[in-house]
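Chain lettering (A, B, C and D) follows the sequence in which the chains are written, and residue indices restart at 1 in each chain.
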């Protein structure tokens, strides 16, 4: 009851970082939709590590093999299973983690939950590598959504204290969506890239890591999607987004900023525009009462710094039952925010397709 | 598929603000637990309106009638249904809303979703009044949790720009929990009450409203609760919390602040304390990899200002298909944050009981 | 996780035989459908006891009160809750059952499951009386299905060794459907009624009870409904039908008879008829691979004899931990098959609406 | 929303007969259980075709490859994915089926449901071959159940008109369970094997097929398992069993026979035996009110004859929109009942593990 998501479109993610393979089963896909596998690979590539200094130099061969659910390039309506084989798994690096859980990681909680039977190598099922099949599933769902005119894009809203511009919440053009959703360092304002990379490099040189935020927009979604209360759009998206490792916060529209505002400022006034009901502002992030109002759905997710850092840290030795020091060897992303952007888009695509 | 929540403990909320009655069915409760109905009524009373100037003067008779699932004061294990009759429903106030949706409300989205067949009176099923049965359900779940040593308390973390103190995230004593979870204006630092009430009164005098934030803590929860990925503690709690009207953001532990931190700052070091593994800090809010680590679970939720304000607002007339002005008559809470505190506790109780 | 059914249309049944009230919440109903409440009451009345010698003389006042989800006679799209108050509950009759479980009843299994905290009075939540809200829910769903041209009817296929005729499986006319679905002793061949009533009377005079079978048909359902494997039409209907007390078997089309047949006999040949693909026979009960083929869906359910009989029976005394004799006092149906017919129709309506 | 089953233990089956591979993801397995893979392969081998004249001579290489969820021979608690590669897929045989649906098969219903985009080759996702991963999942669940003292066995209760003996419903010894659950032609009374094989051979020589029934027993299951109403043991098992192709009926205990009995015959009297409450008979199949009573759970499933027969059959040509004749080439099982026995055991194991 853990690694599955969704009612209409059900994804079931499996695999461990250093096991035989990882993958996903997607159940409930519509028959007859043609899939452009090159576009899927673009999404996989955006998430893949090793592209530059912001990411781990570990090479992944993330080519997914589709076992079922497609005939040629067309969805058959049967469950689609895609498998990515694990190669280049250097387990030796992780030996001492068995006894000494890494601060900020799931090592300790998994140890308790699974009675020490879990696969600790590379984080096992908790590894960030498991986001690869999620991106695959999202890339399939995204193409189905695009047929309905719904587009999804996210960008690096901030890394440390360096901020990108925000989306114009009442109008997001397709050009921007296309640019962002094909970029591996997705920014609205490209001029901040250098500063952001410097922020990451500074953390890396300090044997440290750095967090950030991601802003995501869904355009072209009509009014009336979502249910009241517990199946509202916010809750459905939040459940999907918190399925992504390292996410510790989510806010819709103006989010936490609303808590300092007055109603006369935060309420989005309605007006007719080209014969259609729109709002003049979009502080609610396109959602009222859990239901879309026809404006872009917009949210921000907070990403904690990668917990794997090279600096010495305090931990415990679970065998000796005493305090211990830990130095994590191996290669790690000093900042996973850029690679998390397509993952956020992916879970959003799965969530939105479930809401339709 | 809307107003239900949970897998193990399933709650199904029903009713409209001005219908015959509202209530909840709770399915999956354990047999044999004794319920102190007075304690349930304390929770209902914390949420009830009309206590002071921060709340609407509308009187509610929120006494729930238990139709099933209890024999005397003991849970039988069968579904528990509690009904609250609606009285004092002055529908006349809401006439013009049928055509002119209130900004910030669900009027428009419900109109689109339900093809104008929804019950608009008093917000219908979207009314904040529907949180009364949620508080009832939470009060039952809370007593079951207390038998297991798990306690839940929340407080008004902020109203507008006035902040309460935060929980000490590594140690929350029962005295504080008890104080907060019985208070109708729950604060850690009572000295800020006056300032907060002034903030609300200022909004009220301006025919306006004001937002805030709520911080919630779960103490006594052992390590190993929750599932990886999509059934992680964050996602399960978030889905419940976004079921509460006016919530637009949620963050766990240090939340969005983590996005500006470095890993060496944000990672919570482990140590042995009294033979038990604890963390020295609790930036992760008691959750690693979606699973509890034995520290208090802590999160903050952002509450938008009540959308019902007396000031004139821009809207549309859906019949005449033209822009319109709206003045909302009737009595409204200038700030719902104090009354939302027990609601947040309630959904958290339901969520946590589902996770065990 | 027990008394709920369905994903799209979720029903949550609550109540005990001798509690304050029983009822149902139906979540997921479409907005805007007009409900003819008189037709709902016809269904309730078909299930109600006390009409003649085949049923218990106990009077029930089964008038449901709709608390929510309707505005006037129209569904609003919000959860519909209907409550039936319990009156005429003569608990005294059931005293000795606390210690001495009735053979064939749920007394013993509920005692074990709920640690003796369950409400034993009148069977508690296991009482046949709980089928009243199920019939209510089915009557609502039925009207929604009728708008789509889908009709449901069942009849008493047999009581003891007396059999009614079967449906013509390839063609069921509306006249028959209407007759059956409005009858309280539903038969295709009315000439067998006398014999069936004699069979029941014979059992009654012997202080005994008698079982039977019910055959149910769904007409007007188009091809392509249902999912492969575990969400096939057979499985979805079976899960609903086994929710009805006393049902111990279900078979679709020719059912168990198929197991003695050869493929050349059991396969239903396809042919074009009026430009539409039909089958010449309907041994499969309108379902191939879990999916409807456009022919009527037909199944039979086996009903065990009412376990409550006046004859002395062997049981145990759970307090004294010794064997005991039991004589059940009070008034009981010698045969529940006629009253179970509308209940089978009701759960079928809920199941089919979930499949669409 | 189709090929998944279960809440606690969730299985998600994927693959098509002639695709790249088939398999299953099992989510929710307990960590730390050691799996004897040889025993898993015994179960797979019982289902595998080609062992003798009752089965298709088509060879399958059904060796499953475990991609995740195990470390050495131990379950890690993470989702277990097993993949079976497809080899020996002779698609040529199935060409004409694209236009001319086979009577008794899912060809036509899948054509309608999936808008002709489904993979028709070898039945695609509807192929009996998809029961291989189901048997794999059941074999894992079975070993977990055995740790709790719960054992499952089924046998060929009948083929055509030849019957095996039935289980002694009040006492099933481990020796019998072990014998049956390791046999590929599982019979209680081995002396009927010859007659049964003759029945199958007779059908085969007539270019025809033959149906049968399977009886399944679960021993060692304690009282109190299951929920009232829609999550009763009958409904949960039935939903799983109807997920197996060709099953058209299920009955628990005496099943349909009960409908001809009187209450005094069908009620199972309680008695104390060795200090434990048991029933003297077991007509209810170990289930009262949807909940186990501590006696063996027993049910029978009806299997229709294999629809693939060599005889010429009437069908339609969906392209030419006219009636047509069909002769199915290729090799087919004249009787799938023996191979269906381990499949029924497998889904029962998954269902029971979900109920605990």
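Just so it is clear, a contact is a pair of C-beta atoms (placed from the backbone, for glycine too) under 8 Å apart; a residue touches a chain by one contact, two chains touch by 3 or more.
According to UniProt, the chain labels map to these proteins: A, B, C, D = Chorismate synthase.
Keep in mind that this is a model prediction, so the values were computed, not measured.
Participant: Go through A-C and B-C and name the pair with more C-beta contacts between its chains.
Facilitator: B-C
Participant: Of the other chains, whose C-alpha centre is the longest way from the centre of chain C?
Facilitator: So the farthest one, by centre of C-alpha atoms, is A.
Participant: When the centre of a chain is set as the mean of its C-alpha atoms, what distance in Å lies between chain A and chain B?
Facilitator: About 27 Å, centre to centre.
Participant: Just the number, please: Cα centre separation of chain B and chain C in whole Å.
Facilitator: 39
Participant: Indicate the whole-number Å distance between the mean C-alpha point of chain A and the mean C-alpha point of chain C.
Facilitator: Roughly 46 Å, centre to centre.
Participant: Pull out every residue in chain D that's touching 2 or more other chains.
Facilitator: 1-4, 7, 13, 78, 113, 125, 228
Participant: How about chain A: which of its residues touch chain D in the complex?
Facilitator: 1-4, 7-8, 10, 12-16, 19-23, 25, 27-28, 31-32, 65-69, 71, 74-81, 83, 113-115, 117-119, 124-125
Participant: Name, in rising order, each residue of chain C that touches chain D in their complex.
Facilitator: Chain C residues touching chain D: 1-5, 7, 13, 101, 103-106, 108-110, 112-113, 125-126, 130, 158, 160-161, 203, 206, 208-213, 223-224, 226-232, 234-236, 238-243, 245, 247-256, 258-272, 275, 277, 279-280, 283-285, 287-294, 302-309, 311, 313-316, 318, 321-323.
Participant: Tell me, which parts of chain A touch chain C in their complex?
Facilitator: So the residues of chain A in touch with chain C come to 7, 78, 228.
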